[in-house]
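Two complexes follow with subunit A in common, the first pairing it with subunit B and the second with subunit C.
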Partner chain A sequence: MTKKVLVVDDDPDVRLFSTAVIEENGFNPIEAENGEEGMQLLKLEKPDLVILDVLMPRESGVRMFRQIKTNPKFAKIPVIILSGITKKSFLRSQKALTEFGGAEVPEPENYLEKPVEPEELAAAIKSALS
Partner chain B sequence: MPVITISRQFGSGGRTLGQKLAGALGYTFADQDIVQKIAELAKVSPGWVESVEKEAGGRFQRIVSKMVSKPLVDRILKDERGYIDEQIYIDYLVVLIAQIAEEDNVVILGRGSQYILNDMPEAYHILLIDNFENRVRFIMEKYDKTEKEAANVVKVEDRRRFNLYKKIGKQDYDKPELYHLVINMARVSLDQAHDLIVKLIKQPSPVTSI
Partner chain C sequence: MLPNGKMSKILVVDDEEANVRLLAMSLRSDGHEVLTALSGEQGLETFKKDNPDLVITDIKMPGMDGIEVLKQIKQLDSNTEVIIITGHGDIDNAIEALKFGASDFINKPIRDEVLTVSIKRAEEKIYIKRQLQEHTDNLERRVQQATREITRQSNFLSKLIRSSHEGIIATGQDLKIVIYNPGAQRIFGYLHDEVLNQRKITELLEPELLSFLEQKKPSSGNEQNRKEACVYDKNRELIPVRFYGTPLFEKKEKIGTVCFFQDLREIKRLESELVQNERLAAIGQTVAGVAHGVKNILHGFKGGSYLLNLGLEKNEKGKLRQGWDMIQRNIQRTSELVLDLLSFSKERDPQKQSCQPNTIVVDVCEVMKDLAAKNRIELTTDLDPAIGFTIVDPHSLHQCLANLISNAIDACLFDENVSKKWCVHVKTERVDEQIIRFSVSDTGMGMSPEVKKKLFSSFFSTKGHRGTGLGLLVTRKLIKEHDGSITVDSEQKKGTTFTIELPFCEQVQSADSQSESEDL
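This part shows the complex of A and B:
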């Protein structure tokens, strides 16, 4: 069965780019515009991988990432963060949210800073799904 | 490449000092820009973000978060298709402050930045304190308020500060241990405070362990 990859990003161009890379590499893409939609799709579709932006309206990738990694049902789904926010800033923000009373969460399986080359994204997807 | 965070008891001159420092050092002053950026991200008005900040843990937030659903908010605010509540605000805030700090040479005013950046070696955390009467006087002079109006503003802002920190589980925000430098503005002028901070950040080897 073809593996499903959920792309969560508010930028339609990034979703187009990511879904094209996913399809070219033989996987099945699913799209969401924000973390709220992303969580709904995650529950419905049970994807094998999530590619997640950090700053989005309504519900950010920060929140969705924490929801994934703190729920035993979803915690094993690998997450690739694809964002204009640096990895250092993302990790610092996660640490702060833990210090502010949130649960401790692991680092994402991979972190790619925008802009990213198709080959780089493809390699990250294959690695996460292998 | 230092980052300066300024936490303050409202009316102790934090915004004025932050602007003065940023101007003198050629740094960026991050205050209202943070509100603006959060508003853009959440696709709401800056006024809504400010309401979340001001009413943290308060009545407005309870109404928006619990009594009004997101779809209903969308229908009411047809041109404003976003949504924000305290949790979303905090999620954006921690990322933005971390990212602003990465860019170096910045003065960040409040908003929990002393906690978010507490392990950042190049960050200097400053706390300004002052007694209530002086803070009221400062607001009267700075913003042309009557004594009664200024006292009310200071009380409201003190409560807002308490509520905001309560929301993130913090009550030790006035503890000296969190900061590199605590300045009592009742005994130190704005110029002296400015010079103390400049002197501190010019030190080649900051003490960073907290």
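This part shows the complex of A and C:
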């Protein structure tokens, strides 16, 4: 069965780019505009991989990532962060939330900083799904 | 009786013992304490030992006579009263005795009434002398006290002047320096001895500051006598100071001048350091923010060219179109970012001119109308006709209002509560003679306190890919250039109101146009 990859980004151009790469590599992309929509699709479609942006309106990638990794049902789904935010700032905000009384969360399976080459993105997707 | 209420102590000196006894008896019966001596020498001894108030001595005695006794007693204590007893008709000796300071003379044989009067007179003299003495002592004490107090105060003042961190220089009427404290030394570099009574204040200060010392009236520390200025030190280096100088007057007559100097070197250094730090921090923030924006745009370009490539390889027109559109959108984003950056970083004076703020509001709303309508957002205005014309940069005002209104529309667009009726309301108001107010309210998503806190910081955007993060920053900069203020009031899920207040300055009207408007 073709593996499903959920792309969560508020920027339609980024979604278009990612879905094109996913399709080209023989996987099945699904899209969400923000964290909230992303969580709904996650429950409905049970994707094999999530490619997640950080800065989004309504619900950010920081929160959605925590929701995935703290829920036993989804914690095993690999997450690739694809963002303009540096890995350092992302981890720092996760750490702050943990210290604020949240649960401990692991690091994402992969972290890509925009801009990425399509080959780089394809390699990350393949490696996460293998 | 003496002024202290005691009977006086009297020494009687006479070589004839019978006379002495008789006189002593008479005096004792009047209540006096009486000492006796039978010769001048013995009299002096007793005088030194017992210090009587009054001496009565016979003038003619073998050995030391009465005149000699008188002289010596007067030398020992000029306050002692001496009454001389003379033989009958011995006027010459009596006059001699008076010359040497006897208080009185009595002829022999001594009559009690005469003696009583004479003693009374002597006692009065003693009384007056003691009063005088007391008064003089008192005066001396007071002078001493006053001198001590003055010395203390003058020490206090000179310590005060010495320990003042401010430089203090004072001159006499001839402008020669008479006070030059260590604070002044720190500023001017001259040593105390190089300056004091050597130089005139005119050698230290430029004419601009000297003019403060030439005023005709005393000043009472008012602001006009203060000035931030520079003085030259010994090495002709410019030292920034806050200067206060004034002539000194006493009863309307000029008695000198005084100048105070606050050394501003450290403050200026800290100020420039602070400005430098802020500038560096701003540059850092700007670079980080720009980098973030550019990263996203670059990502878009990469995506675009990837799709174009795919389209070319597979000869798929759809992919070509998608790729090309993506590249165009990112060209647009690039130019938006660059324009925002430019207007944020440009140091430019606003091009102020007379214009009608209400018309600008109408113009902006006209542009925003379609976007609002498409998203079921009601855009309304309430314009105060009392505003009329004011002096602003119309372009700046246009940009600020466009920014706030587009933010307000976004706040509705981003609102999760789809059942809400969304409105954006723009209001203008002439608050008073000096202020006009613009407010842009929306019924959108509102802001959390955290978002509100970061509102005016660079590159903070909640709009994801839609914002450059510079809009409010630019708005605030433009408002600042107009000496205005921008404030925000927001409640999460309820909505937000931004308020701009600008100084109202009416068109400078010529006489003609004024009469015209009156005719109307």
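Keep this in mind: the second predicted complex is superposed on the first by the 130 of 130 C-alpha atoms of A that agree within 3 Å, B and C clash if a C-alpha of one lies under 4 Å from a C-alpha of the other, contacts with A are read in each partner's own complex, and residues count from 1 in each chain.
One rule holds in what follows: a contact is a pair of C-beta atoms (placed from the backbone, for glycine too) under 8 Å apart; a residue touches a chain by one contact, two chains touch by 3 or more.
Just so we're clear, the structure is a prediction, and the values are computed from it rather than from any experiment.
K.L.:
So if we stack both complexes on subunit A, do subunit B and subunit C clash, or do they fit?
P.N.:
Clash.
K.L.:
Thinking of the overlay built on chain A, is A:4 touched by subunit B (first), by subunit C (second), by both, or by neither?
P.N.:
In the superposed model, A:4 contacts neither subunit B nor subunit C.
K.L.:
So, does A:69 touch the first partner subunit B, the second partner subunit C, both, or neither?
P.N.:
Neither subunit B nor subunit C is touched by A:69.
K.L.:
Just to be sure I read the superposition right, which of the two partners does A:55 touch: subunit B = first, subunit C = second, or both, or neither?
P.N.:
both
K.L.:
Does the superposition put A:20 against subunit B (first), subunit C (second), both, or neither?
P.N.:
It touches subunit C, and subunit B stays clear.
K.L.:
Could you say whether A:89 touches subunit B, subunit C, both of them, or neither, answering first, second, both or neither?
P.N.:
A:89 contacts subunit B only, not subunit C.
K.L.:
According to the stated criteria, A:117 is in contact with first (subunit B), second (subunit C), both, or neither; which is it?
P.N.:
second
K.L.:
Give the stretch of subunit C that clashes with subunit B in the superposition, choosing among 6-14, 222-230, 456-464 or 510-518.
P.N.:
456-464
K.L.:
Enumerate the residues of subunit A that count as touching subunit B in its complex and touching subunit C in the other.
P.N.:
In the superposed arrangement, which is not itself an observed complex, subunit A uses residues 55-58, 85 for both subunit B and subunit C.
K.L.:
Sort out for me which residues of subunit B touch subunit A in the complex.
P.N.:
Going through subunit B, the ones touching subunit A are 41-43, 70, 81-83, 87-88, 90-92, 94-95, 97-99, 101-102, 112, 115-117, 119-120, 168-170.
K.L.:
Quick one: which bits of subunit C touch subunit A in the complex? Just the residue numbers, please.
P.N.:
Within the complex, subunit C touches subunit A at residues 292, 295-296, 298-304, 306-307, 310, 319, 322, 326, 329-330, 414, 416, 461-466.
K.L.:
Per the contact definition, I'd like the list of subunit A residues that touch subunit B in the complex.
P.N.:
Result: residues 36, 54-60, 62-63, 85-86, 88-90, 92-93, 95-97, 99-101 of subunit A touch subunit B.
K.L.:
Which residues, counting only subunit A, touch subunit C once they are in their complex?
P.N.:
10-11, 13-14, 16-18, 20-21, 24, 53, 55-58, 84-85, 113-118
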